[in-house]
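Here subunit A shows up in two complexes: once beside subunit B, once beside subunit C.
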Partner chain A sequence: MADWLADNTLLLGLALLDGLAYAALVFMVAVGLNLVFGVLRIVNVAHGSLFAIGAYSAASLGLAFASAGLPPWAGYAALVLAAALVGAVLGPLVERLVLRRIYGQEEVLQLLVTFALFMILEDVQKLIWGVQPVSQDLPMKLLGTVDVPFGDDVIPFTIYQLFVLPGVALATLIGLAWFLRRTLTGRVIVAVTTDKEAAMAMGIDAARVTLLTFTFGAALAALGGALASPTTSLVPGIGAQTIVLSFAVVATAGLGQIEGAALTSLLIGLGRSVAVYFAPEFEVVVPYIIMVAVLLVRPQGLFGVLETRRV
Partner chain B sequence: MSGDRDAPAAAPAHVQVHAQGPAGVTLAREGALALLAAAAAILVAWAVPWLKFVLTLALAKGIAVLGILLLLRAGQVSFGHAMFLATGAYTVAFVAPRIEEVLLLLPLAMLLATLLGLAVGLFVVRYRDIFFGMLNLALSMVLYSLLEKLYDYTKGTDGIRVAALRFAGTVPGRETQEWLMFGLALLLAIGFGLLVRAYLGSPMGRALAGIKTRETRLEFMGISARRVLLFAYVLSALMGGAAGALVAMTSRHVTPQLAYWTSSGELVFIAILGGAGSALGPFLGAAGFELVRVYAAAAVAEAWQLILGSVLLLVILFAPGGIWGMLSGRLRGRGA
Partner chain C sequence: MSASGRPGDEAVDRPRQGTAPLLSARGLRLAFGGVKAADGIDLDVMPGEFLAIIGPNGAGKTTFINMTTGYLRPQAGSISYDGQPILGLSPRAIVARGIGRSFQLPQLFTEHTVLENAALAIAARAGLWSPLAPLLRPAWRTEAMAVLDRFGLAPLAGQRADALNEGARKLADIAMAVALQPRLLLMDEPTSGVAAAEKMGVVETLVRVLREAKVTAVFVEHDMEVVERFADRVAVWSQGRIAALGPPATVLKDPAVLRDVIGIEPPTGPPAGLPARESGHA
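Up next, the complex of A and B:
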């Protein structure tokens, strides 16, 4: 074991760094999915498409800024702006036009409605951005790399992935926890999540809360995509990949858990990137193996709360 | 279930996935409609030869969707059922070089899918609702990535070509082969349709609806909800395997895409499109789905998913009973 570790320190180090950056992105998507589920009681299959559209929009906006002669740091503004735009446009559109019609209906139908949205958005994305890879890695290159010491070696790793991604994820986690527990709007959202009818009886405008939450969740997914866009080249299918992974995170963490989703993202992100370096065949399988293993032992998820059975 | 006139008065709307279930459609009418549909399928296959291929695939998918229908009765959605279809398909692809006989390959594919269904089922029937759906999704994704990554065995995303097969010892010509596959699919569809109908009318099948409404009450009566669901799950896996074998033998090419979660989503889509009220629904849905897909892909290659998705949205929002719901509504309207 000690020998093996000595031989593989470098790879292990890379896996840890990669995993951290990856976990940050997964968390951004999963936490939005979780939040939306809490309030709307709908598992949004199209959540991954919002991630993808956020990513493509950020790349396009970044390229447009660059060709308009704006300074390079405007690329960061492009990331945030694109995410906000996607959230503000698609969020209300989807919630008002489609989701609003199916609240309280059977789960099967709700799942399928969002699946239909997924199919539609997937093609919309292909119609707008085509099927050729799109990439815009300026925001990542601009910050350069830093040498991370690991044992006797150093690993040059991009500052963007090492600090910016985890930093934004951490800020989101803390900000969200503060927002939900300390502000009026946040507490209203929690109230609707806990007991919608009681909240409405207290005079809370549930329709407004739903719209707000969905838009916010959509913006988080889009921000996840926007942040991911400089680190990879965008191809069709990233939406489908992202959503199954964040499903795995949400189910492993247990529904409605924010801190739990963060820890689980870390667990799954690290697990996946260790697999990438040591057993690449199983890269895609690892998150699900973790999920299945957790659910075998704790059927309600790592941090989920058991519900009493109705009679 | 639709034909049971002696159904207790209290068994009602919730038995159907959609409230507008075809409670008033009798066995005779459903049977007549099934025969009519089969005759129409044969006629179309004869008149427009290239549609024979599309219809065979539709029949195969319809069989898999019948399995989804069973789980829907229990209020559970499997977003991973394509794994059984893929198991059946890959069984055919793997074994075909050694055993070329269709009539042996088919039961073998069904057997393997059933075994996988039992293994997976023992695990997933402990969960309900979102967790049930997600676990199925997760396990199907495991199968997908294995099929994709174990290149030495599966040829990865390239997939495996299925060589020419024998049919009861003979090697038929291309035209005859197509007709044989179509006939086999039709025969299996009718057989499984009748089986599902009988099963849903049996106590085991009826208990499924109990899982949907209030599982605890089912257990108070001494019925094990897990066992009820497991039986349905294994049966649905078996039908998925049969469907997969048919798909592999018809399209003669298998790829990991068969197991991807979007393929599972399509199966649930077809179930809702056809309507979950009758064993005929899945086949109506599958035919509708495949035809829309073929024509949409021909008309606007880049946007066929967009069209299918829009159709799905419209069906759910405006025709929640699916094609079957619309048909049976009309049948009853004529004074049943």
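Up next, the complex of A and C:
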């Protein structure tokens, strides 16, 4: 074992660093998915499309800013702006025009409708951005790299992936927990999650809360995509890959668990990353092996409490 | 205690005879398939009164509450509150008019503390939704504590709602409804699930608070002792219709009510007959 570790220190280090960055992105999407499910009680397959459109929009906006001669740091503003725009425009549009019509309907119908929406949005992406890879890595290159010591080796790793991605994810985790547990709007969202009928009996505008929550969740997915855009070439299908992993995170953590989703994102992100470096043939299945193993032992998820907590 | 001997009577506006009803239902009809949940309900609720609704399961008692609070829409009939029609309004709009309700199962927000539950009701009433403002702002905290104190719940303010016993849950549920400052409160079985030993204490507390707050109350109840002690009038529901209506002292002695609703054989003797419906009330 010691010999194996000595021989593979560099790869292990890379796997850990990559896994951390990947976990941060998955968390952003999974936590939004979780929040939306808590209030709407709909498993929204189209959540992955919001990630993809956020990514493409951020890349396009960043390229537009660069073409317009704006300073390089404007690329970071493009990431945030794209996420906010996608959340603010697509969020209300999807909730009002599609999801509002299927609240309280059978789960099969809800899944079919959100899957159909996902397919439509996939084609919309191809229509707008084509099928050729889109790349805008300036925000990542701009910050450069840092040498991370790992045993006797040094791993040069991008500051963007080492600090920005986990930093934003951590800020989202802390901010969301504070928002939901301390603010009036957050407590109202949790109240609607706990008991929509009682909230309405109290005079709370549940429709408004639903719209607000979905828009917020959509913006989180889009922010995940926007932050991911400098780290990879964008191709059709990134939304599908992300939503499936996010489902794995949410199911493994337990529905409604924010901190649990963070830890599970880390577990699944690291698991996948280790597989990429040491057993690439298992890369795709490792997250689901983790999920199935957890659900066999704890059907409510690692951190879930049966039928009590939803946000 | 007043001459009538009812708890909380000291502070009450007694039902004002001769004044306009606060709630008025006329000809309400609603059927679920072949089951008539409301089959021509006519009922007036007078300001300040406590009206108990009794009847067997499936008689349409909860349906009446659901129709009045906007959760169900009758197929025929009308409902007016304070002289204004309210049929077709959303539950939220009806709450805003001043009609509160509590459910058979307490609808507390179990993720919240008791204090937060009351504060949420105050926030809902105030209609303020500033995104990052705290829920427990000083004014709302003070008011929420005052409401809880009236129900004897202040010592439990910091507890999560799911940690309360059934009696406290019922009181907290109604405290939330009172925090909305309704003029009319409809309660669906406010004592169901409460242990026998604490039932009277729970009812006395809620009647006292509601009387002090001058809230008119309609409550569905199965415990005849509660009805007899606390209701000004009692309406007997049967197969979607009001079979009898009047003071508990009269209605609860009616042999048909004793037999069909309470489930005991009436004492033998001269037939008493159904009490006459009070004119002007229903």
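Going forward, the second predicted complex is superposed on the first by the 306 of 311 C-alpha atoms of A that agree within 3 Å, B and C clash if a C-alpha of one lies under 4 Å from a C-alpha of the other, contacts with A are read in each partner's own complex, and residues count from 1 in each chain.
Heads up, the rule we're going with is that a residue touches a chain if its C-beta (ideal position, glycine included) is under 8 Å from a C-beta of that chain, and two chains touch if they have at least 3 such contacts.
As the structure is a prediction and not an experimental result, all values here were calculated from the model.
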Exercise for the section: Could you tell me if A:297 is touching subunit B, subunit C, both of them or neither one (first, second, both, neither)? Expected result: neither
Exercise for the section: Identify the partner contact of A:101: answer first if only subunit B is touched, second if only subunit C is, both if each is, neither if none is. Expected result: first
Problem - Residue contacts with subunit A in the superposition, subunit B compared against subunit C - result: B
Exercise for the section: Tell me which partner A:281 touches in the superposition: subunit B (first), subunit C (second), both or neither. Expected result: first
Practice task
Check whether A:68 is in contact with subunit B, with subunit C, with both or with neither, and answer first, second, both or neither.
Solution key: neither
Practice task
Check whether A:202 is in contact with subunit B, with subunit C, with both or with neither, and answer first, second, both or neither.
Solution key: second
Handout entry: Touching partner for A:2 - first (subunit B), second (subunit C), both, neither
Key = neither
Handout entry: Set of subunit A residues, in rising order, touched by both subunit B and subunit C
Key = 309-311
Problem - subunit C to subunit A touching residues, read off their complex - result: 69, 91-92, 95-96, 100-101, 103, 107-112, 116, 120-121, 123-125, 128-135, 137, 162, 176, 180
Practice task
Quick one: which bits of subunit A touch subunit C in the complex? Just the residue numbers, please.
Solution key: 179, 182-188, 190-191, 193-195, 197-205, 208, 308-311
Problem - For the subunit B and subunit A complex, residues of the former touching the latter - result: 17, 72, 75, 77, 79, 123, 126-127, 129-131, 133-135, 137-139, 141-142, 144-146, 148-150, 214-217, 220, 260-262, 265, 268-269, 272, 302-306, 308-310, 312-313, 316-317, 320
Completion exercise
Residue positions on subunit A within touch of subunit B in the complex are 43, 45, 98, 101-102, 106-109, 111-113, 115-120, 122-124, 126-127, 240, 244, 247-248, 250-251, 255, 280-285, 288-289, 291-292, 295-296, 299, 309-311
